[in-house]
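Dropping the structures in below, format is structure tokens.
Next come two complexes, and both contain chain A; in the first it sits with chain B, in the second with chain C.
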Partner chain A sequence: MTNFRTNRRGLLKGAGAGIVALSTPHIFTKGAWAQNFCNDPTSGKIVFGFNVPQTGSYAEEGLEQLKAYELAVKHINGEGDGGLLNTLKPAALKGNGVLGRKVEYVTGDTQTNTDAARDGARRMIERDKAIMVTGSVTSGEAIAQQSLCQEMGVIYMSGLTHSNDTTGKDKRRYGFRHFFNAYQSGVAIAPFLAKEYGTDRRAYHLTADYTWGWTQEESIKNATEALGWETVATVRTPLGLGDYSQYLTPVLNSGADVLILNHYGHDMVNSLPQAVQFGLRERQANGKNFEIVVPMFSELMAVGAGEAVKGIIGTSNWQWSLDDEGTKAFTKSYGEAYGQPPSQSAHTGYVQAILYADAVERAGTFYPPEVIKALEGFEFDGMGNGRTVYRDTDHQCFKEVLVVRGNENPSSRFDVLNVIGRTPREDVTYDASIFGGELGPYEPNKC
Partner chain B sequence: MNVFLAQLLNGLDKGGAYALIALGLTLVFGTLGVVNFAHGALFMLGCFCAVTFRYLITLETVTIDPEKLSPWGSPVEVRTPLVQNWFGDFGAVLVDYSVPISILLAIPAMLIIGIAMERGLIKHFYKRSHAEQILVTFGLAIVLQEIVRSFFGANPVPQPIPSDLRGAADIGVWFGMAAHTLTYPWWRLIYLLFSAVVIGGVFAFLQFTTFGMVVRAGMADRETVGLMGIDIDRRFTIVFGLAAVVAGVAGVMYTPLLAPNYHLGMDFLVLSFVVVVVGGMGSLPGAVAAGFLLGILQSFASMTEVKSLIPGIDQVIIYLVAVVILLVRPRGLMGRRGIMEN
Partner chain C sequence: MFSLSRKDLAALAVFAAVVLTMPIWLAPFGAAYPGLMQKFAIYAIFAIGFNILFGLTGYLSFGHAAFLGVGSYTTVWSFKLLSMDIGPAMLFAIIVSGVFALLIGYFSLRRTGIYFSILTLAFAQMSYSLAYSVLTPITNGETGLLLARDDPRHLDALFGAQATAAGLPQPTLFGMSVTGYTGFYLCAVILIIAFYLSQKIFASPFGMALRGIKSNQTRMNYTGFNTRPYMLAAFVISGMFAGLAGALLSITDPLAGAERMKWTESGNVVLMTILGGVGTLFGPVIGAWLIKYFENIFSAINTNMLNGLFSFLPDGVQTFVVTVLSKFVGEGWHLTLGLMFVLIVVFLPGGLVEGFHRLMVRLKRQKATPDGVTSVQPAE
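What follows is the complex of A and B.
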């Protein structure tokens, strides 16, 4: 026979154990993470933070992205025609907000500046209680914001960012990129360059001197050298330079027969027309027509470069003139709302907002680790890029990449790029380890 | 050798733009004693005179074609340029040559803007410190660029080179070299010639006209000229307008080389101040000489051979020159003794 003796210490131990035991099941109940993560909206408003350049060099692309985010919120909340909610497969969103509640949003201006982007994201998280931050037009903005969001435990869905670093050495558990990257551009464009210009070429690179330019140069250089092309020179140009004449002159007598402009935004808008003015496209070198390649294109840049863009080959994440159901639905929604077709900047922003909301719906909670897990490995279709997967090891979206050419005979002012090829997803998929980086922990920090 | 010559041409071309902006800046400082940080904005406004002119000359009639639908389902708009409707081939030529023709709009527009700027704001700061002048003109520059941004957006607005002047001239052939050894864009050659003509015109105006003589006298000794019964303030106001015109037309002709955007003035402002400081505050020949000198140095510093010796030199060369000049000869290359030396 056993004698049970109770004393004060034993009673306290027992009571403590009982409380833990009784509360244990609730830890596994959805929604039970209240107060454990940053800006838990369980008892407050659901706020998305749209942080894009509204001023500065890339303001136009930022404002396009912002318009798309606003459209996405309308569609998530059940307003308008529903846009891509009608075509996303599989879709958990029902057009009644997220988890049955309406989404609100705040906007910020990154000023096309890394510091301002980080400050804006911090304000959205700390003051406006944003549960998710999204938006960027440069890789600098995206990397700065996703690092901050990792520290604060808030998910960041990047906008337009093309550097390999975003989902490479600077990848974060809390950061996700739908846009393609420089490596994928290089792989996608190479077969078309071989087909159009042959495998015996000598290339001269002019490269914007910052993170995106470096990774773009490395990627396209590797891809073209694999074709058999020789790299004559790689020359770095200061970011934001207006007059490229002093960098274009040496190209003329370098022995190169292809100029590869690893420039984006205003850099490309200036360098491409100036290269054409220098007569490069009328020039013969090594017994061949001299060619110019711009590995990464955007419609807004193409419009900015004017006539010079005609016939130039590059790559693009998406194009409004594609004929799949998702593209048609988004172009219709956006066109009706704003009177013009959407850019790839608008498209990627819109898709990111929808994908986050859908992941929350599927996870059944805003708790970031669960939302992250819902996004990781998520395979979907109907967003205008064919079958797409959010790879779990680096949070990079894998989908087909478009190869485009400046339209020689545009039928309207919007008709600046023609899609000349689509490189399948399998061809642009790579081993995540080649770019290094660590995603970091799932567990969120408190704000 | 041909690369050397091509870089020399690049430097002269770039220097032409620097010299034109710095010339106006120096005129304003030499006459009114004002450090005008809004001068870059005047260059930018000149660019947008070309943009505005092209916008006006390419105004279109818009009709709806009910037969065709846009990708989002609304009827397609059919646009027909009015000028071509009215004048046929001549209208097409007007559109093609919109950039050089827009100088005719830019001259009166910039004159009015310059005079309004001086009478409306800057004259109230003549007796204030240089720091206050810099603050107010810098603020004005920001206001002007934001106004332009609200009308034209933040994206660059490319302006085409007239079709007859596109492509590159085979300069090497002119000097007995083989074909395609030394080519240079026609429009850049035109800009270089244009810069030389405008600079020559300004100097001739100041040197050979009575107005110019009074202005030069006023620059030397404003008080004495005033005591002689000459309304020097009115003349200096006109000089401010002239400086605005010089900056404006420099901007107009630069638009095919660099697609104008609202921020262009700020991009050129710092460079222009360096040019003025190197040339000597208040010295017109100094501004011109320093403009061309820094343009040429900047071009040569960008050569691969130079960059392999001193990496990054292309990005700092003109500031390096400015530092050396300020240390060795604070009044600048051709500045007057005692001006801005302390």
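What follows is the complex of A and C.
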């Protein structure tokens, strides 16, 4: 009978054979990956990857964004009414796809979770051969995907992300942001706070505990302290909390007369109504009316928060009721497709997809460094935000910032926000070096 | 010392072959890309480690994700402070998670059954909350711990190997980058080693003692056998496996987030083990692969793809089929997984491995019936 027991010699032999066997598939696969750049579409399909939260606390905004991306692909491919392709100036897109080729897309669920976001993005890049990845509703997701895309050499167009870090400390050469940021919110909202609530106020911050919350808290704190306000306390709350009563009770006796809620999505939809139910807005403190400020909010949140949002001041990236050509065109196409006006989350996603496609068209190639150069410093108009520039030093878009207020007498379910001010682009432009960070190299990795 | 029984050796060979040929046999399933295959290997290691505790001793730890998280954080910190080489990173991840497991195990193992599970869950949730609140300087909270170009990396600096290239440094194994397929083969080899270790543990007297504890701990105690050191050892070993898996997660993708420690992750590894088969060698691995497959592939199927897939059907039927199926894919992947879990637990309590055994027995019986004269006679 044969002896199957291994001796040392047999083991060594086996190990040697194993190593040879191991390295063979590697040699073959390496050849398959050796392209000029990651997912070079010279002979393949043009695939965009849409990676948004479809479950988790920001799911609602994510699904809106996804719908807008699907609309953008239709418009790029020349289906539908063309949407913002008709209003973008200067526009290179002709409505026949990108560089004459039809665009396809894949989708993914980030689960409002950075790990899942990166898994999804890797799948899109490695399996589905996406040439560009886009989409996010939290800055955590955006920053995680952006740094992954830099490593892979694939351009990432972030969706809704408001943290200063996205184009500040954690900026990347391959990442671009159309959305505004917390710093700009602070600059835009400050004059309105001074006008409405005076310059002698004591503010209490409740802040969602992650990159966006931290930077917004910092920016709003700086902006309000410059007005002469005093910051009583800044308290961090975990993301996705349902019940804020333990955080709201201390506000009552803190001596503060303004509550600033640095919350977004579900967090704000929970915290604002709870704060109102606590009777905060009927309170008097320091001889003044107690006020609540939500520095950044969206119409989806306003709808979710219901009655509580009336009269609350905040900032917004975009609002469907604006009356410029771009906004009208987008609201019309989106409304016809989905039966409701688009949110700012949908808008920023749509614009990002169009801007990428347009940049490729202008660059005449999919080669990322050329596309990046086409986007850097690109000056455009007609996308609903007025004159806009993609700054080359940090890949942040500079445009007007809207100051909005919860509508006291809404005429419809969607008419929840009034635009009370538009802070011009020059006022919200800042020096890119204040946030540090480094963009990194142009040269793509070969994924 | 390194020898295995003939049966185990064959199992190891089959296992190694299956793991190493993943890029080939996963291709038809749409899962043959390095990102997912790395996850397959890593979560298999996690589940194998968990099975050493749960499968052998029957102690259900509901907080194993904490060790995964600790391993990840340690690895990223090793990249930041010491070196981009993965050697020290893995070593430290295993040591730190081992020490952490020792600490938690020391307290949790004073209780058995559901109390043990709740204690581990409590510790894990505590670590998770700490990572989000008090420990944010170490964990960077919700954003997750990221590498930066200007991290000190003392060891690298010592050897003058500081990355000069532009952009972020990448984890390396003796200067070789471990992304893409290299990363997968690295994880695969470590998975095979982990499988071998678990085989050795299963076959050892130590493993026998653990099985004894599972079947009747009181009896073991009455025979004068002190079970606590054995339990603690099993707990620490399985914590180290989890730490290793966490380290590999951070190696293949240098980022560590607190959500890795969340109770859902701990629950996931329990699901993986039960789905595949508790106490079996292959079970946890199969369970891990199945769950990761669902999470990554099923969740990405959208109505567009379904429409394409069923375009051969007549129009009305196609719309109907797509509408029904779309509830089970995409955002609905949890639903499919839940249904499958229920079915398996009800009909195959031993997991998929039991299903496979039943199938084999049935096939054998079919083959055996024609000349089944020598049927088994009950002993007299």
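The definition used in the following text is that the second predicted complex is superposed on the first by the 413 of 447 C-alpha atoms of A that agree within 3 Å, B and C clash if a C-alpha of one lies under 4 Å from a C-alpha of the other, contacts with A are read in each partner's own complex, and residues count from 1 in each chain.
Heads up, the rule we're going with is that a residue touches a chain if its C-beta (ideal position, glycine included) is under 8 Å from a C-beta of that chain, and two chains touch if they have at least 3 such contacts.
Remember, predicted model here, so these are calculated numbers, not experimental data.
*Asks:* Once chain A of both complexes is superposed, is A:G386 in touch with chain B (first), chain C (second), both, or neither?
*Replies:* Neither partner.
*Asks:* Tell me the contact category for A:P238 with respect to chain B and chain C: first, second, both or neither.
*Replies:* A:P238 contacts both chain B and chain C.
*Asks:* What is the contact status of A:G78 with respect to chain B (first) and chain C (second): first, second, both, or neither?
*Replies:* After superposition on chain A, A:G78 lies in contact with neither partner.
*Asks:* Touching A:K332, do we find chain B (first), chain C (second), both, or neither?
*Replies:* First partner only.
*Asks:* Just checking: does A:E126 make contact with chain B only, chain C only, both, or neither of them? Give me first, second, both or neither.
*Replies:* A:E126 sits against chain C, while chain B stays out of touch.
*Asks:* A:E438 contacts which: chain B (first), chain C (second), both, neither?
*Replies:* second
*Asks:* According to the stated criteria, A:G56 is in contact with first (chain B), second (chain C), both, or neither; which is it?
*Replies:* first
*Asks:* Find the residues of chain A that appear in the contact set with chain B and again in the contact set with chain C.
*Replies:* The answer is residues 55, 59, 238 of chain A.
*Asks:* In the complex of these two chains, what residues of chain A are touching chain C?
*Replies:* 4-6, 11, 18, 21-22, 25-26, 29-30, 33, 54-55, 59, 106-109, 113-116, 118-120, 122-123, 125-127, 139-140, 143-144, 147-148, 150-151, 165, 170, 209-211, 236, 238-239, 438, 440-441, 443, 447
*Asks:* In the complex, go through chain C and note every residue touching chain A.
*Replies:* The touching residues are 2-3, 6, 9, 16, 20-21, 23-24, 30-36, 39, 129, 132-133, 136, 141-144, 146, 149, 165-168, 170, 179-182, 185, 189, 253, 255, 257, 259-260, 295-296, 299-300, 302, 330-331, 334.
*Asks:* Can you name the residues of chain A that touch chain B in the complex?
*Replies:* Interface residues on chain A, with respect to chain B: 55-60, 63, 233, 235, 238, 240, 242-243, 245-247, 249-250, 252-253, 266, 269-270, 273-274, 277-279, 282-284, 300, 303-307, 320-321, 328, 331-336, 341, 412.
*Asks:* If you look only at chain B, which of its residues touch chain A in the complex?
*Replies:* 2-3, 6-7, 10-11, 13-14, 70-74, 76, 149, 153-158, 160-161, 166-168, 180-181, 183-185, 187-188, 256-259, 261, 263-264, 267, 298-299, 302-304, 314-315
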